[in-house]
Each structure stands twice: as structure tokens, then as C-alpha cells.
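Structures follow.
Below, chain A partners chain B and then partners chain C, in two separate complexes.
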Partner chain A sequence: MSLVSGPGRGGTHNQDALPDQLKLAVDQHVRYIRNLDTRKDELQYWLTEHLRLNGVYWGLTALHLLGHPEGLPRDATIKFVLDCHNIDGGFGAAPGHDSHMLYTVSAVQILATVDALPELESSKYGGKAKVADFIANLQDRESGTFAGDEWGEQDTRFLYCAFNALSILNMMDRIDVDKAVAYVKACENFDGSYGRIPGAESHSGQVFTCVGALAIARRLDLVSQDRLAAWLSERQLPNGGLNGRPEKLEDVCYSWWVLTGLSIIGKLHWIDKSKLSNFILRCQDTEHGGMSDRPGNMVDVFHTCFGVAGLSLLGYPGLRKVNPMYCMPDDVVQKLPYWHK
Partner chain B sequence: MPPTSTSTTTLLPPEAKPPKSKSQPYYSVHPSWQDVVPIAQVDQAGALAAIAYSPRYSEAMSYLRSVMADTEVSERALALTEDLISMNPAHYTVWIYRMRVLRGMWTGAKAAKVDEADEKQEAGDEAGEIDEALWQNIQRELKWLDEVSFRNLKNYQIWHHRHALVDLLPSTPDTTAFTASTPSQSTETTTSDRHKKASTAAPLTEATKTRLLKLVASEQTFLAQILSLDTKNYHVWSYRQWLCMRFPSFLLPSYTSETPSSVAGTYRSHPEVAAIDAMILDDLRNNSAWSHRYFILFGHHELTYSNIHGVILKNVNEERLLHKAGLVDMPLIEAEIEYTKQEIRKAPMNGSSWNYLRGLLSHSALDISTTRDFCEEFLGPEKDLWMDQYVDVESEDSETGEKQTERQQIGVRSSHAVEWLSEIYAAEGTEEGRRRAKECLRSLGEKWDIIRMGYWDFLGEKMEEEWKQKDA
Partner chain C sequence: MASHGVPRSATREQRSVEARQKELREIEQYQSLVTEIRQGVEKKDLSPELLDKTSALLKKNPEYYTIWNVRRLIFANEFDNLVNQVQNQHLEEDKKQSQVLDIINHDLYFLFPLLLEYPKCYWIWNHRLWLLNQGSFYLTPGGARALWDDELTLVSKMLTRDSRNFHGWGYRRTVIEKLESDELNGQSLSRAEYNYTTKMIGQNLSNFSAWHTRSRLILKILNEENADAVERKQMLDEELKLIHKALFDPYDQSLWFYHQNLMSNFDPDTCQKAMAPGLSQAEKVAYVQEEREFVEDLIEDAADSKWVYQALMDCVLIEGKLTGGLSAEMNKNVQTWLEKLKELDPLRSGRWADVQHTILRRTV
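Then we have the complex of A and B:
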């Protein structure tokens, strides 16, 4: 899965469309994603090797939401994921890469999406118990938060990843959920939003990880819902797009990070949904496929995934329903033992 | 597969540096690397493709895999990481390995295990001194890192590397206030828990203090340069905030939770405050600058209180705990309120400055009604809530009798002001107040901020509910 940008550009081939004429170019996006894995002749393919497993997750999720799960071959995908499995139980970005929380959660999400979680048990490095071991060992038992690996820094992103993966595996009891929840609570600022550590600048990405984690832990009571929703609604700019922090530019990926927060706390109607929908549609290259961060820029699989997910959350017709906590097909999430109680 | 050398291969001269070309081999034909067997990429088909496109990069990666497998600590391993970083600075593992090599080389720990390196570090800490060699090493690496940072503004790993580097320096006695091991406060973690021992560390020697001051000053200079190129980079601001917490006595205007006297008189000339003043002067819409301003003047006090009393940050603010404890620097608050109002007048729609003002009120427990006159500055004539910002005013030239129109800015100039006034008027508790409050919300939903109609409707309903209950 290539993480190169382009060749398409957002906003091309549909600049003259009237707002209500804008449509989602499903076939072109499917073709764009399928072609990504064939671009091994570009240097960027290799320079982004350290993101490869994330790339597969973004591409696969977009295909599933677009209604084309067959777009990536299931067996090859499963094999690639298992090839990324390491002896410590975690997953690396690509075969031979060191394990990290970010790739471990992608691995688990991919397997769940293609209904292949039992395949984990066939890995020579152990099954889900080993994966859970890897994740549990990354929790700082004192503060409650998580590191990405044994060397790196702590961040609520990794806390969210741990909750995401372990709930999918139905092994949340392996970690101290209460301590982690307390840490998330400590990251809330006076404006109701969240920063990456206590006292840090409020940021939409952190809202996704913090609120997502609390939602998975079934602790949404800890969110200052009205104040947070007000802050999130202020992310919408006159052009309909959403930004990540006050006075910054719009970016299609915030259609996801901001939208999930509003969706989870039931305040989607505090923004103008049709304006946002039109903004996302204007970020497509309707001929070459793919979406960019904003009209005029090069497309990539990351923004394609979150643009499509945002449209699904907005109820765009024909898309499979997405789950706001996981950014995975909702029907897959609902079948998980953790939610199917 | 990069060729292993044979006796017939011509080796490069020992002083040869990695070439800029993407296709020329280097490690496989360099005399200092002949003993290493490179490890190829696991995925065979992919390996071939990679080599076809960029033999240099895939060659370097195969040598990296080999030295990492042996956890080699050496100058040549260091040079290899530098080479890879120049080709692919986003490759996380290379940075981690570079730090391991550095730590190993600097502390003589053969196996480059960070724990061993940390033990040697702690010995230095307890003497309240910085080892001369370590100081020079850190300076050298920082200088190299500065250059890499300028070339890779959007890279995150660079800032984690810098953090890990600077964190090798001794703790100052007040560092414990911010990195103590209480649940709500654990932030960036080094792989050691040196800071937990800081309270038992010897006080700093004068020589050490001088050095730390010098480092902090040069960090501020570097940060100013980097931020001038990428003013809102979240990683850079995160690093800056961490630096303030790591060396509070050098970087914060008032770093204790007791405020024996106000800093209001002199604080604007404090280097960190002056740095933020400059950034806001350059771009008053820089949300990160405003956020950092709040942190250095007020936020860190809240964090300290939160730490000491085991109360989470949000509650410190919501329950006005600093105000109740008599720990708010009111002259400072007042000075900052004046400053912020001045900035708001320059750009009345700037959300960042209005958020900051909200933070000041929250921190000091001042009521929002104290800003009523200020908010009303942004309404139309006679506090009109509907007039357009610009009005074409017709006049007649007194000499020629010619009719002219002139655009004048006299209407509502800030939707934030209108939002605040809805809250202020509602709190007055009078019929007129309630009527005005509702009119504010209506003007927002119908004219000034239509995109957020759902929110204004919600506030209106909430108000009605509260009044119904009050009146009952």
C-alpha cells in the first residue's frame, strides 16, 4: 500500500459542479486504492515503509465503507498482517520492523474488519494473548497512560490504541482501565477540549483519542459534553470544512476527528452538515480518485479514508455505516463480544 | 542484494563520505564496513524492487539491520544513522537507534542498554554537577540537530530526540514540582525515573547553574528561529512547554505555587513572556502562542496545585481552587486583561484571544459581567445587535454639492462579543436582560453565525429551562 501523494488533486474535475451536483466518485476511489499497492517502483513507497501497516488499514477501511470490501485480496492482506507480527507479540509497520502500538492496533483492526481474528492464533509468535501482553506491558502503571514502545514517549494516542485493540480482542481486563481513564480525565482543559498532556493546547486529534477512549471504556459521563461540543462546533469554517484548532486551516481529516466527538456525544446538529459534506466532496479528484486535505492539494490514502469515513458519519447515501469510536464498519464492531453483551 | 566485496572489488578511500547519488554503493565498498554482513529486506520481491529504484537507501537499510541486530555502539553506527536520517528523516527506528548509540558512547555502556546508561547518569545527578564530557557531547548533538530541524520542519521524531537529549541534563530542585510521580502529572517519560530522585539530589553548583542558564537561553533562541518558520507546530510547542516544566526557575516568570508578590510590574520583560509577546505581535491569531502564554503565566500554577493536592486540572479550574486558596496574582490578571482587550480590538473575530480572556476570568473567578462594557464596544450604535459591520454613509460635499458615499465600520464587529453578552444579559435576572439575551442568540443564529444554528438553538432552550425553574 503506497502512501505516496497523488497523482490526483483534490477539487479537480469537479470545480464547476453546483453544490448539489457534487457526488462521491466511488468507482474512482476504489480503483485509486487498489492501484496503490502496485506502485512499488516509486521511492516514496519505500520511504514510507515505516507506515505500511497503517496504510493498509486506511485503504481497507475506505474500501469497506465504500461498499467494495473485495477491493483488496483477503488472503494476501491477512498474510501481510501476520508477516508483520514480531516475537514480542506486537506488530511492526512492515515485515522486519520493530513492534509499536500504532501498527499493533492497525493489525487488530484489519483482521477484525476482514473477519480473520482467529487467524491470530496461527501466528508462530503467539495469538491474541501474546498481542495483549505486548499492549499491557506498555502501560505506565503509575500514571495510567501508555507508551508506543519501550523506547518512545507517552501519549494519549497510544492509550486510545490500547483501548481500541484490547476491546476488539475482548481483553480489557489485562490493563488498569480505571487508571487510564483517570489520566484521560486529567487532560481536559478549561474549554472542555483535550490536549496531549495536562495543560497542553486543546487539539481536535486529542479530542478523538480522549473521547474515543472514554467511549470505549463506557465513561462518557466524564466528558463536559456541552462545553466540548461548543468547542468542536467552532471548528467549522465558512467554507464548510473543519479545522483542528482555533484560527487554523480546514483539513478533510478533521471531518473525522472532530465529527466523531460530536457524533459520540450526540451533537452532530451543532454544525452545518450539508456544508461539511460539500466540502469533503470538493476534496476529491473525481477522475483519478482519492481525496486531499483541502481542494487543490495532492490526494493520499490517509485523507481518502477519513474523508469517506466523515461522509459515512454524515449519512451520505450508499456508504456502509462507520463506527465513530473505532473508524471501522459499524456492523463489524457490533458483533464483537465486548459490545455484544 | 548489495554485493559483498571480493578481493577484486575496488574499495573507497577510508575518508570517503556517503555520496549524494541514489545509485552509487557506499557501505559495501567502504573499508570500515567490510566486516559487516548486511541483512536484506525480508520481503524478497519487495527487496528487488527497492534496490532497483534506490540502491543507496536499501543498501544503507540493510547495514542498519545488521548493526541493530548486534546493538553495535560505535562512531560508524552513528554515521550510518546520520546518513539514513538525511535520506529518510521520518524513519522512527533510526532515531531510536541513534539515541541508543549516543547514550552507549557517552557513558561507555557497551551493550547500549539505556538502563545501564541511566545508572551512570544518576551518579552525575547526585553530585549536582554536569559531567564536562557529557555537556560537550550534548552541545555537539544539539548543534547537529538544529540543522536537521531546519531542513525538516514537519518531522516529529526530531523533537522527541531533542527532548531525550536535553533530559540528560541534571534536574533542578524545582523540577520535581512538575514531573513528580502522581497519577495526574506524569507527562513525558524518560526511560529512567531520575526526576523522582531529584528532591534528594544535591543543590546545583554555580557552574552548573551557569551552564543550564546558557542552554536554556540558546534553546529560546533556537525555538524563536524554528517557530518563525512554522509558527503553530504542535510538536515544537509541546517541546517548549516541556522545557518550561523541566527548568521552571529559568523559564517561568513565577514558578512557585506561593505568590508572595505579584510579577505584574516586571513580567513583560521576562524572556519567555517577551518571546510570546513577539509571536503574538507577529500573528495575533496564533492559538499556540496564546495557549503557551496561558500556560507560563497561569496554567503551570494550576498544574502545580493539581499535583500537590491530588485534584485533577479541570476541577482546579472549575472549582476556582486557586482563588479560594488566595493564590491568584490579581495585578497580573488585571494587566493581562488589559493586554488581551487591546489585542481583541485589533481583530474582534479572533477566537484565540477571546478564549484567552475566558481563561483569565476562569482562573481568577472574576465574573463575566465585568466584561460587559468591553463586549458592548463591538455592537452597533446604541448597542444595536443587527446592524451590518459596514454601512455606506451618504454625504454631500459642502463645496461642490456632489453626493458621496463612504464605507464606515459601525455595526456589529464580533460574534464572540454577542455570544458573551447573551450570557451576561441572561445573568442580570431582569425581564429586559432575558429579552436581550434571547435577542443575542437570535441574531447569531439568523445573521452572524448561521453555520452554528444548532448550538444557538440549544443555548436558547437551555436558558428557557433555567428561567422556568427559577420562576417556579
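Then we have the complex of A and C:
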């Protein structure tokens, strides 16, 4: 799975196209994602190896939402994930890369999506208990938050990753959930939104992680819903796209970070959905497939995943339903034992 | 991450044969560097040569987090060796300190150009923090403090280049926290930082990062100084004065978010966490009415700014909470403003419909 951008660029649609002429180029996107791993003759393929496992998650999730779960070969996908497993129980971005929370959550999400969680038990570095230990050991027992790896950077992104992966593994009891939840609450700002650590500026990406974590912990009662929804709805710009913070440019990936927060608290209708949908569609390369951050820029698999997921959340016809807490097919999440407690 | 803001370049089909050959050679060189580093780590050969190789690789790709980890393993090993030499009386403590300082300074120097080139790369900022924390651990408080002082200068420079850099502001808060800490014999810098936000806001009113930081610092200052009700009220008055002055641009959402933050002092649902929680009921009502008059005056020049109507509505709704309900006249005004909002702000018409619904339900 290559994280190389291009070859195409978003916005091959005639930018004057009428909204009802905009269509999701499903076949082209599927072909684009399937071909990503054939690009090993590009230096960028190797320069982005540190994101590989995230890339597989982005590509796979997009394919599943596009209705083509067969797009990536299942056996090879599972094998690649297990090849990224390390002796400490965590996963690195690619074989030989160090373990980090960001890749460990991708590994768990990929295996859940292709219904292969039991395969973890066949790893030479131990099964799901070992993975859960890796994650649980990254919790700061004083503050409740999480580090990304043994070197210690703390961020609510990692706390969310821990909740995501541990709930999929149904092993939330390995961590101090209450302390982590209190930490998330401490990251809330006057605008109702959230930052990386207490005191840090609000950012839509952090809304996804903080509200997502509270939703997984079933503690949405802690969210200042009207205030947050007001701030999130102001992320929409006149061209329909969403930005991450006040006075910033729109970007397709915020179609996910902003939209999930609104969706989780039931306020999706506080923005203009059809304008956003058209903005995302305008970021497609309808010829070579893929989506970019905004029209005119190079496409990549990251924006393709979050563009498609955004469209799914907006109810675009023909797409498999996405779950706003996990960014995974909703039926996969519905089957998790954690949600049957 | 991925490719934010990358405009189109030549596609690979368009590359010449020579260009493709050159790229394949680059891949080979890059991959052999990766292999050599990996073998070095496997053999536990944490030598200066291995460090040089990580430097070469990170210059090509500063996102390669595993290589930063290797770099830290090498330094941690060097620090251990120095500590052992002191314990075995082969090295004096002050010599150890100066060698640790050399290593840290040398690496901070290596990072500087990378940071200028990739200011949004998390791993570079992380590595700097790790180095500085090593300084705090191995050096005297005075020696470590000098490093953190320099870091504050650096982050100020970064924020001058890009005054909204998310990492920059976050990093600044971390550096300040360290400079304030007991381990560095520090004391509160809240007032100085508050003045820094005044300066940044003065340069660019739209700097929401600065307004945000200010909102946090004010609460910190008031707590640190054990401010009484009068002092808290004074601070609130000063902030209202500042935001009124700034709002000569009534289209700027950063300003309105800050205004909304100040309004939370008067809202019974939020005032306990605001800067002046001790205001009496009468004071709150007086403040809200004053704000309403201020905003009403803005309409004259900014009848098409949706923020004005939004703020008016906030004022009136808070007033309603304080006085036990909206008067018939106010209710009528709110309905007019809501219609105006739907017209000026069609993207969020769903929100305004919800608000209208809530108010109607309350009135009935």
C-alpha cells in the first residue's frame, strides 16, 4: 500500500459542474487503491514506509465503504499486519519498524474489519492479551492519559487509539477508564471543543478523538453539546468544505474529523450537508481515482479514505454505512462484543 | 501526514528514462542506509558512525520515527557511559556535565534546519523535547534552564514566521511549564505570557491561537494571585474593553468566540468556571445589557454580519435566564434576529431552526 500522492489530482470534475452532475467515481477509486502497492519504483513509496500500516487501514476502509471488500487480498493483508507485530506486543508501521500506538490501533482495526481478530493468537509475539498489555502500559496512571510509545509523547490522539483498540478487543478493563475520561474533560475549552492536552487550543481532529473516546466510554453526558456543535458548524466555509480551526483553509479530511463530532451528538443537520457532499466530490480525480485535500491538489489514500467515509456519514447513496466512533464499517462495529454489554 | 496542499507535478508516466533510472538509484541508496542502520542496532553498535547514518537518513525523511528512536538509544547509551565513568572515578562530574551539554547542543543544532523545513513534523518537536528533558535530568538546574530559555527564544521565532502554528503554540506552553517548574527553580511566567498574547493579538487580531491562550492564562493568573472579587471584575472589565476595541472588525469569528467566552461570566450555567464567578445577579444583568447595547451599535455598520445577530441573541437569552424569562418585546426581537440569521447564514440554517424551536417550546 503506497502512501505516495498522485498520480492524479482532485478536481478533474469540471469545477462549474452542477451539483447533480457530480458523481462518486467508485470504480476509479477502487482501481486507484488496488494499484497503490505496485508503485515500489517511486522513491516516495519508500519515504512513506513509516505510515504503511495506517495506509493499509485507510485503503481497506475506503474499499469496504465503497462496497469492494475483496479489493485487497485478505490473506496477504492479514500476513502483512502480523509481520508488523513486535516482541513488545505493539505494532510498527511496517516490518522492522518500532511499535507505536498509531499503528497498533490500525492493526486491530484492519483485523476486525476483515473478521480476522482470532488470527492474532497465531502471532509469535502473543495474542490479543499481549496487544492489550502493550496499550495498557502506555497509560499514565497519574493523569489517565496515554503516551504513543515508550518515548513518552502524550496526546488525546493516543488515548482515543487506546479506547478504540481495547474496545474492539473487549479488554477495556485493562485500563483506568474513569481517569482517562476525566482527562478528556480537562482538555475541553471555553468554545466547547477539545485540545491535545489540557490548555491546548481546540482542533477538529482532537474533537474526533475526544468525543470519540467519550462515546466509546458511554460518557457523552460530559460533552457541552450545543457549544461544541456551534463551534463545529462554524468550520463550514462558503464553498461547502470544512476547516480544522477558525480562519484556516478547508480540507477533505475535516469532512471526517468535524462531521463525526456532529454526528455523535446528533447535530449533523447544523451544517449544509449537500454543499459538503459536493465539495468532497469536487476533490476527486474522476479519471485516475483518489481524492485530494482540496480541488487542484494531488490525491492520496488518506484523503480518499476520509472523503469516502464523510460521504458515507452524509448518507451518500450506495455506500456502506460507516461508524462515526471508529471510522470502520458500521456492521463490523455492531458485532463487537463490547457493544453487547 | 499524507499530502496536504501538494499541487500537481509530473506524473510517473511522464518521467524520462534517465529520471526513472535516477529515482531507482536513489531508492537503492536510501534502502541501503535503512539496512545499515537496522544492522547497527541489531549488533548493538551504538557508535558515532551509526549516529551519522541516522542524521543522513533523517535529513531525507524526518518522519521516520523508528530512526529517531535509534538516535535516542545512541545518546542514552552515551549518557550512561559518562555516568559510569564518573562512578568509576575516571571522569569528574563537571566534565560529565559539559560533555552532556555538548551532545545536547550539537543535536539541537542538527534539528534546527529540519524544523524550519518541516515545522509541522511531530517527531522533530518530540525529539527536541526529549533532548531538553535529558538536560533537566543530567545538568544542574542553572545549566538546564539556559537550554529551556534558548528554546523559548526559538519558539518565539517560529511563531513570528507562522503565528498560527498549532505545534508552535502547544510547544510554547510545554516550554513555559518547564521554565516555571521547581526542578528548574522556576516561578510563574503567566503575566509575561499574558503580555505575549497581547503583543500577538496586536499584530493580528484574527489570531485565535493567541485569544485561546489568553483565555487560559487569565484563569491561571487569577488563581495564582489569589485574586479577590474586585480584582477579578477588573480583569473582566479590561478584557471587555480590549474586545470592544478589536470588534471594529465585526466579521472576524476569532473575536466573537472570545466575546462569547467573556459572556460566559454572566450565564448562570457557565459562570462558575469563568474568570469572575462572584458577580451578583444585578451586576450580571447590568453587564449583559451593556453588551447588548454595544452590539446593537455595531449593526449600523455591519448589518450583514451574522455574528452581530448571534451575539445579540446570546445576550438576550442570557438576560432571560437571569431575569426569569423573556419579555414579549425581547421574544419578538429574537424571532427577528433568527430570521435574519437564517438569511445571512444559510449553511447553518438547521442550527437556527433548532434554536427557534427551543425558544418557542420554552415560551409556550
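Rule of thumb we're sticking to: the second predicted complex is superposed on the first by the 337 of 341 C-alpha atoms of A that agree within 3 Å, B and C clash if a C-alpha of one lies under 4 Å from a C-alpha of the other, contacts with A are read in each partner's own complex, and residues count from 1 in each chain.
What we mean here is this: a residue touches a chain if its C-beta (ideal position, glycine included) is under 8 Å from a C-beta of that chain, and two chains touch if they have at least 3 such contacts.
Source: prediction; values computed, not measured.
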Chain A as common anchor, with chain B and chain C clashing or fitting: clash
Chain B versus chain C as contact partner of A:Asp37, first or second or both or neither: neither
Touched partner set for A:Ala230, first chain B, second chain C, both or neither: both
Chain B versus chain C as contact partner of A:Arg245, first or second or both or neither: both
Which of chain B and chain C A:Gly96 touches, first, second, both or neither: both
First (chain B), second (chain C), both or neither touched by A:Met298: second
First (chain B), second (chain C), both or neither touched by A:Asp272: both
Contacts of A:Glu153 with chain B and chain C, given as first, second, both or neither: both
Which superposed partner A:Tyr183 touches (first chain B, second chain C, both, neither): first
Partner chain(s) touched by A:Ala200 [first = chain B, second = chain C, both, neither]: both
Overlap of chain C and chain B interfaces on chain A (superposed complexes): 41-43, 46-48, 50, 96-98, 100, 151-153, 189-191, 196-197, 199-203, 229-230, 233-234, 236, 238, 245-248, 267, 269-272, 275
Residues of chain B touching chain A in the complex: 22, 41-43, 46, 49-50, 52-54, 57-58, 65, 87-88, 90-93, 96, 99-100, 114, 160, 163, 181, 183-189, 191, 232, 234, 237-238, 241, 285-288, 291-292, 295, 299-300, 302-303, 306, 312-314, 317-318, 350-352, 355, 358-359, 362, 450-455, 458
Interfacial residue positions of chain C with respect to chain A in the complex: 1-9, 11-13, 20, 23-24, 26-27, 30-31, 38, 60-61, 63-66, 69, 72, 122, 126, 129-130, 164, 166, 169-170, 173, 206, 208-209, 212-213, 215-216, 253-254, 257, 260-261, 264, 346-351, 354
List of chain A residues in touch with chain B within their complex: 40-43, 46-48, 50, 83, 94-98, 100, 140, 142-145, 147, 150-154, 179, 182-183, 185-186, 188-191, 196-203, 224, 226, 229-230, 233-234, 236, 238, 240, 245-248, 267, 269-272, 275
Chain C-facing residues of chain A, complex: 3, 5-9, 39, 41-43, 46-51, 92-93, 96-98, 100, 149, 151-153, 189-191, 195-197, 199-203, 229-231, 233-234, 236, 238, 245-248, 251, 253, 267, 269-272, 275, 292-294, 296-298, 300-303
